[in-house]
Each structure stands twice: as structure tokens, then as C-alpha cells.
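First chain A sits with chain B, and in the next complex the same chain sits with chain C.
Presenting the complex of A and B:
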């Protein structure tokens, strides 16, 4: 039982970060239909931004975090403006190749600038964990869970409750109709990509201090983000959030009770099982026909 | 005028001939290391160590009157790439001898190429037993295989009071091999072996494995992984309150980096290592160690990298010694000459003894293995 609770606590923390990654990607991949191969690189970017902000710039941890998220927002906007905007209307293969190239450039650039040695981000929390009975959790991880939950709620409220969010949903349902209603469609594309990117950067900035920061950290994160989006159903925020937690639970309990060697396989087994039963994912967006 | 023209044509011809002749003159040594991917940091250190050796040798006049030239290729931390790099070094660069390929899985992928082209390779880092026991006569290894590490650790087991051990190892030839070899040694000493948990090479979250290990009655956890993953394991152990004696193996722990990045989480952890840069005077050849560490510092590399890079340094020195003994750059002659190499490396005498099936033996050198401990922010040898 003790072990079960410890696994559950671990899975919740991991799930929060997975959910952030998933929501960011579902906006871009699920709603905008851009197969975003820079998502992992943006996750890495968020972590390095956090590293620079809290070491070289000497910012406080809690200032460095929003700084990294805004940096991710800016990089996302820059990618959209320079790479995706000129390619609007191009076929999906072209966009995909350009995004793969951008992902490679970002990752190799990071390796070039920072080298391959992993960096550690100092954390302001005490090293001693919070212990409740037999379950221990570090203060940093607890903060990550709370911050992730807050960011998820914020993203949800923004997309479902604001004019900008409504304009986003309208644009991706029918961009012509939205444009006719006076929505600045070009701005919405940039804003959506930037928002998705900032969530990936947020996940990186939150997990960077928990783990270590290195140029390839985004590879596995990107694979998981895609899995979460497909599991939750393309374009569904609720699906991505839930998908993140399901993947984390599957990995944690799979590794804990079946075999740690197949940790990553467990998550994908669950996904295969879900897709067999519900091929469009848990919360599929209704597709417009015609 | 005609004489002038002839002279200039002659000069041009000389220049054209001299170009390739100069390159031909250098003795090429292939270096197959991970410079990108999961093991980029370690592989780069090894290459930088190798360059120090090459420069030192060339400054002293080279080998057989020729300069040595390192041909460095990146195997991207990927076994398929490691085999492709070996093929490229052998067929396109025509290197008569190579050094590589850091990780056990990377090195194992290269082995068939050595047999195919009959080119010897010096293995500087890998510790999987399979490398020297699979009957490949082109392999000469200066790093200790896990079994040798286990053998060196055996006398310390009782003194440390180890009763029951769990393993947490990287899920590849290196990690799984270490769990088997150490497990065998421990069982032989009457120590119980509990769980063997694995983690993928790129995995960042080991909390599931650690939650499981936390619940066992073992007193010691033996971990085999490279520095970045060890840092994460220590931080996560501290976060979950896993309190067991920790001994790491494999020689790629980089204790200084662990200390810098894991901080107090790494306190009281013990590491089996093959080099003692913290106390150069205690190394087998203090003068050489001091020279190497001085040069490492001069070039602006972090001290922490020296526990990895010394292998590249010793590896190239060993290869140079073999070429010198061979008296030629014929791969067959170099392969034969490796058996006659004998000098004091930074971590003990380098001399090859036969390992593996008879008639097709690989060469294995037996370096020193030391147990060090991180305690109160300092690194020191464990006195038992």
C-alpha cells in the first residue's frame, strides 16, 4: 500500500508536466493541423531559458519561470512568422519537412552553444522532502504539480472563456467564415502557435530543475506529447490533460509492478488499447464534413 | 626565360606532389566516439584527452619518425552509426588502427567490422564482458570489464558490511552485464541479491524504480549508469527518502559533476572508479598524471571531465606504443605488437593478457580500480 501511494504521487507530478506538453501540442497539431516537430525543441528551449535566467541573469526562480514561458512564446511566434506563415496553404509534407529541419536546427544549435554536458538548474526549495507517513515528495515536485495545474487551468480558461480563445476556435473550424466575421486570421495563427509553444517551454522550465538540462531532452518529451495528443483525441484540451495523466499512471505503475525495462512500452500499450476501442481518441473533436 | 618557366613548372609540380605526400606521411588513427546524442559529453571528453596525447607524441617527434593524425568521427551515441563510422574510417580514411567506441553497445556493434577488415581497435571505456570474451582477436581493451571491477570490489564487500544488494542499471549491454557480473561475485561471497531494476539510456524519471527499491530490505543499492543519469537518480532518491548505501560502477560517474549538480543528494555515495585525479601523487605515474591534468586545465576543459578523458589519453598512448613496437603501419603488425605493449598508464600498468576463447583471444589490460566516496562536499578514496 505504501508503495502504491508513492507510485500514485509520482504519477501525479509526472502527469502534470505531460498534460502541459500535450495541451501545447494539441493546439498546434490537433487544431492548427501543423505536425509540429519543434515541440520537443521548444521544451528544451524552455529548460535552457530557465537555466540562463536563473544562473547567468541571476533572476529569482519565480521570476525566471514566467521569463522562460514568455521566451517560449516569443520563439513560437518567431517560428510561425518566419516558417509557417509563408507556407500557409502548402501541402502537409512540405510543412512537416520544414518543421523537422527547424527541430534539428534548434537541437544542434543548443548543442553548439551549450555543449553536451548536462546542466543543473538550482532550486529554491529545501532538499529534504515533504514526508507524509511513508510517502515522500520533494517540495520542488509539489510546486511543479501545482504550477502545471494552474497553467492548465489558465490555458483552458483562455481558450474557452476569452474573445481570443473564441476567435481561435472559430478560425480553425472555418477560417474563411471567421475572417468574414472580422477575425484577424493571420494573427490568430501566430497567437495559437505561440501559445502552444509557450506551454511546451513551460513544461521544460518546470521539469528542468527537477531533472537535468541537456540538448536531447526534448526527444522523448516530443514522442510522449504526440502520444498524449492522439490518446486524448486531436484538438481536445480536456483529452490532452487527461491523456497526460493516463500516460504517467501507465508508465509509473507499469514500471512499478510489471517491469521497469518496459516502462515506456507500458504507456504505448495503453494507447494502443484505447485506440482499438476508440480510434479517434478519448475526446474526439467532431469533424466537420464537407 | 625558358629556365624560369621550367623552374616554375617544377615548383608547381613539387607543390602538387608535396601536398598529398605530407598527408600520407602522417600515421592515421581512427577515433570513433559519441559526440552528439545521449553520451555526447563523455565522448567529447575522451576525444579531447586523445588530442592531448597526440600533441604530446607529435611534439616529441611522433611515431616511427612520422606525425600521428587523429581522424575523429561522431557515432551519435547510436550503435548503427558506430558500425558505419568504423566502416568509413577503415575503407575511406584507411586508418590502420582505431580507438572506440565509448559505450559497450556501440563497441559491440563495431566488432564485426574489425573481423571483416582485420583492423585492430583499442577499446578505452566500454565495460561489458562480451567485448573481450566473444572471440574477436582484434580487440584490445584498457578499461576494466564489469567482472574485473567486481573482482576488485570483492574484498571491500565484507568491510563495508554489505548484506543484501539491489541493482539499478542502465538497460543496455553495459548495465545488464554489470548486474550479472557483480551479482555473481556477491552471491559467491554469501551476499543476497534482491531486485535488478533497469532504466532506459535516455530516461529522466526513475521514481517508479526507486519507489520499488525503497520498499525492499536491502542495505545497498548498486547503480550502473553514466553521470547524467546518476545525478538524476541521486536527486530522486533524496526526494523520495530512499536511504541505502550506494555504490556505483562503470567508471563514467564523473564524481565532480555529480557533486556540483546533485549537491547534498550525492552525500555518502560511493563510486568504483579507475582514476584518481583528486590525488595525483597517489596515481601509478604521478608525473604523467600531473602533466595530463596540467594540459587538460591549460586547454580550458573542466576538471570534472578528466575522469573520462584520461582514457582517451591512455588509449592513444597505447596505440602509439603498439605502432612503435610494430615498426610499421600494417594493421596485422600493429595487432601483433599490441601484445608486447607495456608501460605505466595513468591508472596502472597497461599490458594485455589473453581473454576469451582459445585461438581467438582478445587483449585485456588490468587497470587499478578504486573506491571513492563523496562526503561533505569532498571526494576522497575510501579507507577500508
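Presenting the complex of A and C:
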């Protein structure tokens, strides 16, 4: 039972970051119909931005975090403006391949600049964990959980409560009708991609200090993001948030009770199982499935 | 003209080792060629059925492991005391097992994943490749995990009446690669011009319409996936016996990307596409190596992929086709010009 609670707490921390990754990806797919293969690279970018900000730039940890998120936002906007905007109307395979190309450039660029050696991001939190009964959690992980929850809530509020969010939802439902109603769809696409990218960068910036930072860290993160999004149904934000926690629970308990070697396989097995049993995802509206 | 081009290119490629003695270049050609075989098989799916499989390297890797393990032998426990012990077989048997096993895996994966299309299909295939990689990494008893399978015997080929040769030199392996590549090319060429090939293209153009005229969509796509996987498995087998070492990194996504780049740049849905793409991206690392680090080379690959999608979305082969077609039309105009020439002197 003690072990069970410990796994549950670990899963919640991981799940928060996964949910951020998943929400970013599902927004981009749902609104733009683009399968974003730069998502993993943006996650890595966020972690490296955090690394640079807190070491080379000497910023405070709590300043470095928003810095990394804004950097992700800017990079996402740049990718959308240079690569995706000219390809509007191209088929999904083309944009997918262009995104793969961009992902390769970003990842190889990171490897070229920083080298393959893993880097550690200094954390301002005390090393001694917080112990509650039989469950212990490091202060850093606790912060990650709280920050992720706050960012998820922020993204939710933005999408459901602001004018921009309403325009995004309108574009999601019918981009032509939204354009006719005066929504600047081109701007919505850029905003969506930038927002999705900043969420991926946030996930990287949060998990970077927990683990280590290395150029290939985004590969697995990207596939996990796909797993989360499929689990929740492509385009469903609530689904992605729940999917992030479900994947984290499956990984944590799979690693704890089955085999730690296959920890990362859980996500893939979930995807395969979901797609075979219920291809629309657990929480999706049926009409989104192509 | 274009009819004689493939055999002509084959002859040129076959003569290449007589001129090229540099082992480094030969090695690069063999590696590039092995991935070109993979690209030829991927083109069958991506180019002719329109299904983007980003887990194609899984079949290549399964072929490599199957061939290596068939040749090396293994001894694994399944349930408790029940063990499967396999003595090493002839390397050529490994090659055959690789083709059959990869083909069977392709069939099963196709059977399951063709229930979904588009982005879903892409993601299922990526997941499949990752799961296989994790199995190769973790099933240490069978695959040695990250320690890699080493000392894989070199390929041996027996000729009736001539005895058996072991492929030791790079040139011999080059010819094996070339023979398998040519065979893969012919198989794909015959397939796509058959009734089955028309069914595949029908599904790509308009699935609903194809189904309505009696094409069995799932069956056609599944068989295409199985054949494609079998060819990739053959490439994997050559890879295993040539490099004589394989580790779970053969399943890396970047190798799938290499094959996709070859197909897309050369021209998907064109027989020559993966060959052209393979020649370019097989030799590009050699050309770039003196000038830049491997990471920088990958940046160039990514940029080339994007540039091709922006500038030549159909790939290089269709442009060459147009060029040949315009050359064929040119002689027809010649007689019109002739009377004027006669009047000149």
C-alpha cells in the first residue's frame, strides 16, 4: 500500500508534464490539422532554454522558467510563419514531412551546439524530500506538479475564457465559417502553434531539472505526446489532460509492478490498444476522426 | 529510351567496384544501397498505396535480428523450465527466415493498423517500431540488449555445381546488395503494373470508389504491407551479415526518416524514385564528410527534405520523366525544320 501511494504521487508529477505536452500537441492537431513532429524538439528546446537561462545567463530558477516558455512561444511562432503558413492547404503528409525535417534540424542543431553529453539544471530547492507518512516527494517534483497544474489551468482559462480562445474554438469547429465571421484565421493558426509550442517547452523546462537535459530527450517525449493525444482523442483538450495522467499512471505502475525495462513501452502499447479497440480515443467527439 | 535506362544504370553500378577501390567509398555505397532497398520497399506503401508508414525500420530491424539469431543460434527460457534452444543455421537460411518473418510481421501489423488511416496510421506504425526497439533492448537473453549481437557470420551463398562462397570482401557484399536491390526493384515494378498494383493505386486515389468497384481495401493494403516488410527484412539481413554486429539502435526513428527522405526526394510513386533518392542520400554523407560534422550533415538533410517538399513536392523522378518526354517529342518536329535547311546552301 505504501508503495502504491508512492507510485501514485510519482505518477501525478509525471502526469502534469505529460498533460502539458499532450495539450500542446492536440491543440495544434485539432485546430490546424498538422501532426507536429517538432513537438519533441520543442520540449528539448524548452529544457535547453532553461539550462542556458539558469547557467549561462545566471537567471533565477523562477525567472528562467517563464523565459523558457516565452522562448518556446517565439520559436513556435517562427516555425509556423516560415514553414506552415506557406503550406496552408497542402495535404497532411506534406506538412508532416516538413515538420519531421524541421524537427531533425532542431535536434541536430542542439546536438551540434551543446554536444551529446547530458547536462544538469541546478535546482534551488532543498535536497531533502518532503515526507508525509510513508510517501516522500522532493520539493522540486512538488513544484513541477504545482506549476504544471497552474499552466494547464491557465491554458484552459485562455481557451475557454478569452476572445482569442473563442476564436480558436471557432476555427477548430469550422475554419471557413470562422473566417467569414471575421476571425483572422491566419493569426489564429500562428497563435495556436505558438501556444502549443510554449506548452511543450514548458514541459521540457519543468522536467529538465528533474532529470537531465540531452539532445535526444525529445524523441521519447514526442511519442509519449502522441500516445496521450490518441488516448484522449485527437483534438480533445480535456482528453489530452486526462490522457497525460493515465499514461503516467500506466508507466509508473507498469514499471513498479511489471518490469521497469518496459516502462516506456506502456505508452505505445496503450496507443496500439486504444486504436484497435476505440480509434476515436477515449474522450473524443466522433466527427474529428478522419 | 527510359525502358533501357534501369538496366543501363544497373550495368554502371555493377562496374563501379572495378573502378572504385577505396574501401571507405565502397562501404558508403553498400550502406547507402542497403537503405535504398529499404526505401524501395517503403515506396511500395508510401508511393503506391499512399500510406505513410513511419515505423518501417521495424521490419528492417526484425529482419536483421531474425537473420543474425537464425545464424548464431540462441537458447532462451520461455515459461519456467521450458526452453527453446536453436543451433545456428546457414547464413542463407537466416536471409530466408528474415524475409519470411518480416513479411509475417508486416502482415500482422498491416492487418491491425489498416483499421485506421492518415495521422492515426502514422502514429501506430511509429509506436510499433518503438515497441520492437524496446523489446530488442530488454529481452537480453535473446538479443543481448544494448550489448549487441556480435560476431554474426558473413553471408554464404551456394551456387549449384560451383560450390559455396563466403562473402568476405566489400566488393562481394556490394554485389549481394546490388543483386537484392535489383530484385526488389523488379518485384515492385512487376507488382505495381499488375492488377494488384492497379488496386493499390485505386485505393490511393479514391478509397471509397475503389471499394465500390470491388477492391478489397484491407486485403490489398495488408498484402502490400507484407511484401514491403519482407523486402525491408531482406535489407536488414544483408545489413546484419555485412556489419556483423547489430544493437537495438537499428530501430532508431532516424533510419526510417532516412528511407522516407530517399523516397520523397526521389519521387514517391515512381519506380526510379527511391533509387534516385538512395543514390543522392547514400552518397551525400560521403560528399559532406570532409566539410562538416555528422550533426551538421543531419541539419543539411532536414533542410534538403524541407526544400524538396517546397520546391519539388512530387520529387525528382517525375521531373526527369517530363524531361525525357520532352526529348521524345523533339524529333517529331525535326522533319518540319528540314526543308529550310536544304534551302540554305
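One rule holds in what follows: the second predicted complex is superposed on the first by the 275 of 290 C-alpha atoms of A that agree within 3 Å, B and C clash if a C-alpha of one lies under 4 Å from a C-alpha of the other, contacts with A are read in each partner's own complex, and residues count from 1 in each chain.
Just so we're on the same page, contacts are C-beta pairs under 8 Å (C-beta built on N, C-alpha and C of every residue); 3 or more make two chains touch, one makes a residue touch a chain.
Not measured: the values here are computed from a predicted model.
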Touching partner for A:261 - first (chain B), second (chain C), both, neither: both
First, second, both or neither for A:178, with chain B first and chain C second: neither
Contacts of A:152 with chain B and chain C, given as first, second, both or neither: neither
Which superposed partner A:250 touches (first chain B, second chain C, both, neither): neither
Which of chain B and chain C A:14 touches, first, second, both or neither: first
Which of chain B and chain C A:35 touches, first, second, both or neither: second
First (chain B), second (chain C), both or neither touched by A:84: neither
Touched partner set for A:168, first chain B, second chain C, both or neither: neither
Which superposed partner A:93 touches (first chain B, second chain C, both, neither): second
On chain A, positions contacted by chain B and by chain C: 108, 111, 219, 259, 261, 264
Chain A residues within the chain C interface of the complex: 29, 35, 83, 86-87, 90, 92-94, 96-98, 100-105, 107-109, 111-112, 219, 223, 226-227, 230, 234, 259, 261-262, 264-265, 267-269, 271-272, 275-276, 279, 289-290
Touching residues (chain side chain C, partner chain A) in the complex: 50, 52, 112-113, 115-120, 122-124, 126-128, 130-131, 134-135, 137-138, 253-254, 257, 260, 264, 293, 295-296, 298-299, 301-303, 305-306, 309-310, 313
Residue numbers on chain A that touch chain B, as the complex places them: 2-3, 6-7, 10, 14, 108, 111, 115-120, 127, 129, 131, 136-138, 140-141, 207, 210-212, 214-217, 219-220, 251-256, 259-261, 263-264
Partner chain A, residues of chain B touching it in the complex: 35-38, 40-41, 43-44, 171, 197-200, 202-205, 207-209, 211-212, 214-215, 227-228, 231-232, 235, 238-241, 257, 260-265, 302, 305
